[in-house]
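Chain lettering (A, B, C and D) follows the sequence in which the chains are written, and residue indices restart at 1 in each chain.
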Amino acid sequence: MNKTTSFKVEYHQFLLPNGEPDGELPPLADDTNALHALYRNMIFTRLYDERAVNMQRTGQLGTFASSLGQEAIGAGVGHAMQPNDIITPSFRESGALFFRGFRVRDLLLYWGGDERGMGNPDVGDDFPICVPISTHATHAAGAAFAVKYRNEPRVVVCLLGDGGTSKGDFYEAINLAGIWNLPLVVVINNNQWAISVPRTMQTKTETLAQKAIAAGIPGIQIDGNDPITVRHYVAEAIENARSGNGPTLIEAISYRLSHHTTADDATRYRSDKELEEHRQFDPVPRLKRFMTQRDIWSDEQDEQMLTECKAEIEQEVKQYLESEPQAPESMFDSLYAELPGELARQRQSLLGKE
Amino acid sequence: MNKTTSFKVEYHQFLLPNGEPDGELPPLADDTNALHALYRNMIFTRLYDERAVNMQRTGQLGTFASSLGQEAIGAGVGHAMQPNDIITPSFRESGALFFRGFRVRDLLLYWGGDERGMGNPDVGDDFPICVPISTHATHAAGAAFAVKYRNEPRVVVCLLGDGGTSKGDFYEAINLAGIWNLPLVVVINNNQWAISVPRTMQTKTETLAQKAIAAGIPGIQIDGNDPITVRHYVAEAIENARSGNGPTLIEAISYRLSHHTTADDATRYRSDKELEEHRQFDPVPRLKRFMTQRDIWSDEQDEQMLTECKAEIEQEVKQYLESEPQAPESMFDSLYAELPGELARQRQSLLGKE
Amino acid sequence: MSEITMIEAVNLAMHHEMEQDPAMVVLGEDIGLNGGVFRATVGLLEKFGDQRVLDTPLAENMIAGVAVGMAAQGLHPVAEIQFMGFIYPALDQMVSHAGRMRNRTRGRLSCPMVLRAPYGGGIHAPEHHSESTEAMFAHIPGLRVVIPSSPTRAYGLLLAAIRDPDPVVFLEPKRVYRLAKQAVKDNGEALPLDTCFVLRPGSDITLVSWGAMLHETQLAAEQLATEGIEAEVIDLATIKPIDMETILESVGRTGRCVIIQEAARSCSVGSEIAARLAEDGLMSLFAPIRRVSGFDTVMPMFRLEKHYMPSTERILQAVRETLEYA
Amino acid sequence: MSEITMIEAVNLAMHHEMEQDPAMVVLGEDIGLNGGVFRATVGLLEKFGDQRVLDTPLAENMIAGVAVGMAAQGLHPVAEIQFMGFIYPALDQMVSHAGRMRNRTRGRLSCPMVLRAPYGGGIHAPEHHSESTEAMFAHIPGLRVVIPSSPTRAYGLLLAAIRDPDPVVFLEPKRVYRLAKQAVKDNGEALPLDTCFVLRPGSDITLVSWGAMLHETQLAAEQLATEGIEAEVIDLATIKPIDMETILESVGRTGRCVIIQEAARSCSVGSEIAARLAEDGLMSLFAPIRRVSGFDTVMPMFRLEKHYMPSTERILQAVRETLEYA
């Protein structure tokens, strides 16, 4: 007996690299406020990145991971989420975090080596930045269970990278999300590189989206450099999850135009040619061109927005630079709800009062 | 832009549950020696299991995992392998291990709580039984790399269960096998249960074979209760891997007719009805009927073989029961190639000579 | 109030707390219909349904990670790892996230989860089913590690662990699961998570132990008593934090200490207690601190396990040498 | 013979051994074209090709498991974990398989692998990049754990680790990677894997440390020398097994001991050394054994890391208190 089971993965894109629409556009394309918000977030993130990289160079910040070239993913995801939804971010999704209520100073504190960055009490239930790759995927599943358990109309969005799809955590999490029908959307930022390891050495699959098939959940591939595509399909998956229809895996195809982090030198392993070829797919000019063509954006607006964003960022940088360091003993003070006696003594010894 | 990538998983079966052929048969079906060997291995394994379960009941053995109902998988896999190939077994594949050169006394020693069981020096390079689920999948990948690295025409076969496919190790291993094009065949013994957790609670996927799609490698589903199917497709995958064509994932569908182990009581979580329904798929009568229909097996042969197998098993049981326990200090003696000084002192203290 | 075993006490505590606390959920492998391979969760599924008693796919890293995610979002998950030998994939989540969530977010999020696992040898189990690696968890900042040694303490300590606002690793000495019965009152009273229990007062020597080894330790103390030697027996109970006050006070009186553990010796909980005594109690010691422990070998398969695990004889020998030391 | 840094010495040892040993392969994340994020593997890919220098997908559990599989089948894999903060998924393989393969098969198979990882704080790295959890590995039977503290010792110990027929966890204090240069002879000579190094002889007090903390420890010793106090400084170097002979001999002479480690305190390597001294060297002690260590807190993010890591002042204070103890 021979039987065959079939599967498929679809690829979606609305805007071509030059900003021209490719076929019919979704309603979102007519929502000027939404487009402006997406654009502003991308610009803001890019300016923030630039500033942060400079601060790292001058010793005002630690190692920093830029999202240059991939801003459409953070913007699209952040904009697609409802305030009450929950994000479990990787370390490269500043744009999404700005939409979630994290301030520049929070992120600078974090990359400046200060726990308070992830402690902003106004942020709600969002998870902190996760450094160990893909270990947050199972948190996302657990959080999705929690909101489902309480019948809350909330969805969890997990962001991770192409490298992150090689780690067992990722599979374990999507497998659970499938079988438990969790309100979870996992977005892969496929920026083609995991530090120096190219996507082609990470896995033999043609797509990363097809990894969803291993969990029995829908998986789609989208142009991650088109903010309209990202916003549209992530929102669709989120609302689908909110309606009780379970998880989706989305592979957003992008490209890391920066070094991996400020500690990395990509010229060691990546050709200039490849890098230059990918500049044409840059999401920022793409959306700008689209908006300009549609007459909902002008150079003046652009100038003004740049100025505003820069001013806001400078204001935040100032706050960061002026922030008093935490007291050394703060390393004890949020460790447990109630500090055990033996640690209270260690704390005293740190204060020099043994 | 919309593009679609497609994937498929095929299901294969040669013999129907009643032993009738289902369509064209492979050459193997005409190889009487091979069929006799497969049948003998299944019978032998079943008798061994029965004996071992009894020994556990009478305190002569520890917890024991029977493969009742799933003998076609061990037989098919073991027979398909060349002597020089390498197996990484789970704990439920006695039949395959008998083909590999492990003796009944070795397995009894192992389940009797004695390390020497896996130490049989005649066994070659095969890996020992692996108890932590799926942790041996990456060993299989590493071993497959080693033989490929040395240009040896050898293939590694990894056996694991349906439950084992939920664990990150499994995905990480097949992903690596795909991208490194390793000579590896992973066979899932899908016996429908992981202790009390049914296949349907393990994952949402329609098949387990489709998990191969996440690694970009071929995945097929086969009737794991038809020894001809198992032997045929596993051999095909092995020879394919040997020819440099990379890994295959095979889901062999079977059913656990026993309790999980002697420590388990399946009546707690499994209906008698389900159990009874699955008896009709039993691989042992299936092959016997096929051979009888083809006139290559008789009741006399059956009787004689049973007698022979029982005698051999009793002989082995005797060897096991008469085996002198290892010296207590043996726990030190194979730990390191050279025992560090501090451990030499602990060893002395065990001997009461501090 | 009936007499129950430790495993029944564990079960009772979970029943009690699920009744009280709608945020409590239980998850793990085979914990639903099967009631757990040791029957710790028997009856929970029937009583609280399959949204609160969750059979998971087979993946310990996932179980721990999902518990972290649940706990950070207001649930009180109690996750079971079937045997401690399979807990290592969960360790990453415990060290990288569970122990850090509160600190990393300066208290914005927290991680009130319990990770339960049966541990230790002596039941003739297969390979990997008899480990005692509590020290690895006791080394991890931000966690609490608890080991009960009797039905009453299992009940009270597990309640405390579930109610604790921080992550607790709760290790159950499986050899004790059905060893003895005790009257356990289902009164919902928790025990403290930072206090030793003095099981037997004594003035000649202090014996510190935890989990199943208290059995041999108490037998040794009884034997010594017949010889007129009064050993004080302390059940450590909370492995992290360690209640050194009680131990120091005792050793301050007895001047002699033997630590008994089943785990391998190097970098273990016994090492920590000895080190703290050498730091804070040195001058009250009349004799070297002896550790009676498992060897720094792989726990042997069961035919030899009794040679690995400290016996009453080995304890007695160490005690005698310590007492005779001059 | 040129002066090189520790990271160059690590690189040199791997170059040397790959040349000698065709069974040696190197694997890990970013170790190929990129030469490793710390440049430990620079030049290996170019010289030995992509079948011996293997960039892996991103999965530490897989890296360790694959190394176990390779090693069991005759290769000598040297696997890199990019930072110790990401080593935990690999721990399962180390405890469940690497440390057991020889024992479980009574020597039929073995596991001659090395798991290398940079560890420790002090370089202002992001979260999870500054841990010191060597104690977890030192607790695992069947492993060896090695920590070099200088270029020459890195070269000789890494060669020994690669040649050792059993699994070795090789932890490199990344703060020392480029701290100082030393003349290292590329003569292929390995150092022993069971012996301390006495870096400075002394008769007044014994200071035991390893890895990066030897820097502060030696500064403290120098300061003490200006005051006429001669501290003996011992580089533990092999964390498992521990060379207690050397330490006991030293403390037998000095009667005083301070142990300095960057790691959290509870159930650590320092605990083990103190415990063994309290067991086998108690009567030679004139003063309590002090441990100067990281706190039992999460390693803080880098703005505060210097308050976590033992400073020369903290060492000096502990030494003074130990010397003044009467």
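Keep this in mind: contacts are C-beta pairs under 8 Å (C-beta built on N, C-alpha and C of every residue); 3 or more make two chains touch, one makes a residue touch a chain.
Please read all numbers here as calculations on a predicted model, not as lab measurements.
A.B. asks: Let me spell it out: compute each chain's centre from its C-alpha atoms, then which one is farthest from subunit C's centre?
C.D. replies: The chain farthest from subunit C, judged by C-alpha centres, is A.
A.B. asks: For the chain pairs A-C and B-C, which is connected through the larger number of C-beta pairs in contact?
C.D. replies: So, comparing the two chain pairs, more contacts are at A-C.
A.B. asks: Using the average of all C-alpha atoms in each chain as its centre, how far is it in Å between subunit A and subunit D?
C.D. replies: Computed from C-alpha means, the inter-chain centre distance equals 36 Å.
A.B. asks: When the C-alpha atoms of subunit B and subunit D are each averaged to a single point, how far apart are the two points in Å?
C.D. replies: Roughly 40 Å, centre to centre.
A.B. asks: Could you list which residues of subunit C touch at least two other chains?
C.D. replies: As it turns out, subunit C has residues touching two or more other chains at 56-57, 59, 61-62, 85, 89, 92, 96, 103-104, 127-128, 141-142, 242, 295-298.
A.B. asks: Would you give the residues of subunit B that are in contact with at least 2 other chains, written as numbers and ranges?
C.D. replies: Residues 115, 132, 166-169, 172, 175, 179, 201-203, 331, 335, 342-343 of subunit B each touch two or more of the other chains.
A.B. asks: If each chain is a dot and touching chains are joined, what shape do you get: line, ring, star, complete or other?
C.D. replies: complete
A.B. asks: So in the complex, which bits of subunit C are touching subunit D?
C.D. replies: On the subunit C side, the touching residues are 61, 85, 88-89, 91-92, 95-96, 99-100, 103-104, 127-128, 133, 135-136, 138-139, 141-142, 240, 242, 264, 266-272, 274-275, 277-280, 282-283, 285, 287-291, 295-298.
A.B. asks: List the residues on subunit C that touch subunit B in their complex, please.
C.D. replies: It comes out as residues 29-30, 32-35, 37, 55-59, 61-62, 85-86, 89, 124-129, 265, 295-298, 300-305, 307-308.
A.B. asks: Once bound in the complex, which stretches of subunit C touch subunit A?
C.D. replies: 25, 51, 56-57, 59, 61-62, 64-75, 77, 92-93, 96-97, 101-110, 141-142, 144, 164-166, 194, 241-245
A.B. asks: Per the contact definition, I'd like the list of subunit A residues that touch subunit B in the complex.
C.D. replies: Against subunit B, the touching part of subunit A is residues 1-13, 22-23, 166-169, 171-172, 175, 178-179, 181, 201-207, 210-211, 213-217, 221, 223.
A.B. asks: Which residues of subunit B touch subunit D in the complex?
C.D. replies: Checking each residue of subunit B against subunit D gives 86, 88, 115-116, 118-121, 123, 125, 127-128, 132, 135-147, 149-150, 168-169, 172-173, 175-176, 179, 331, 334-338, 340-343.
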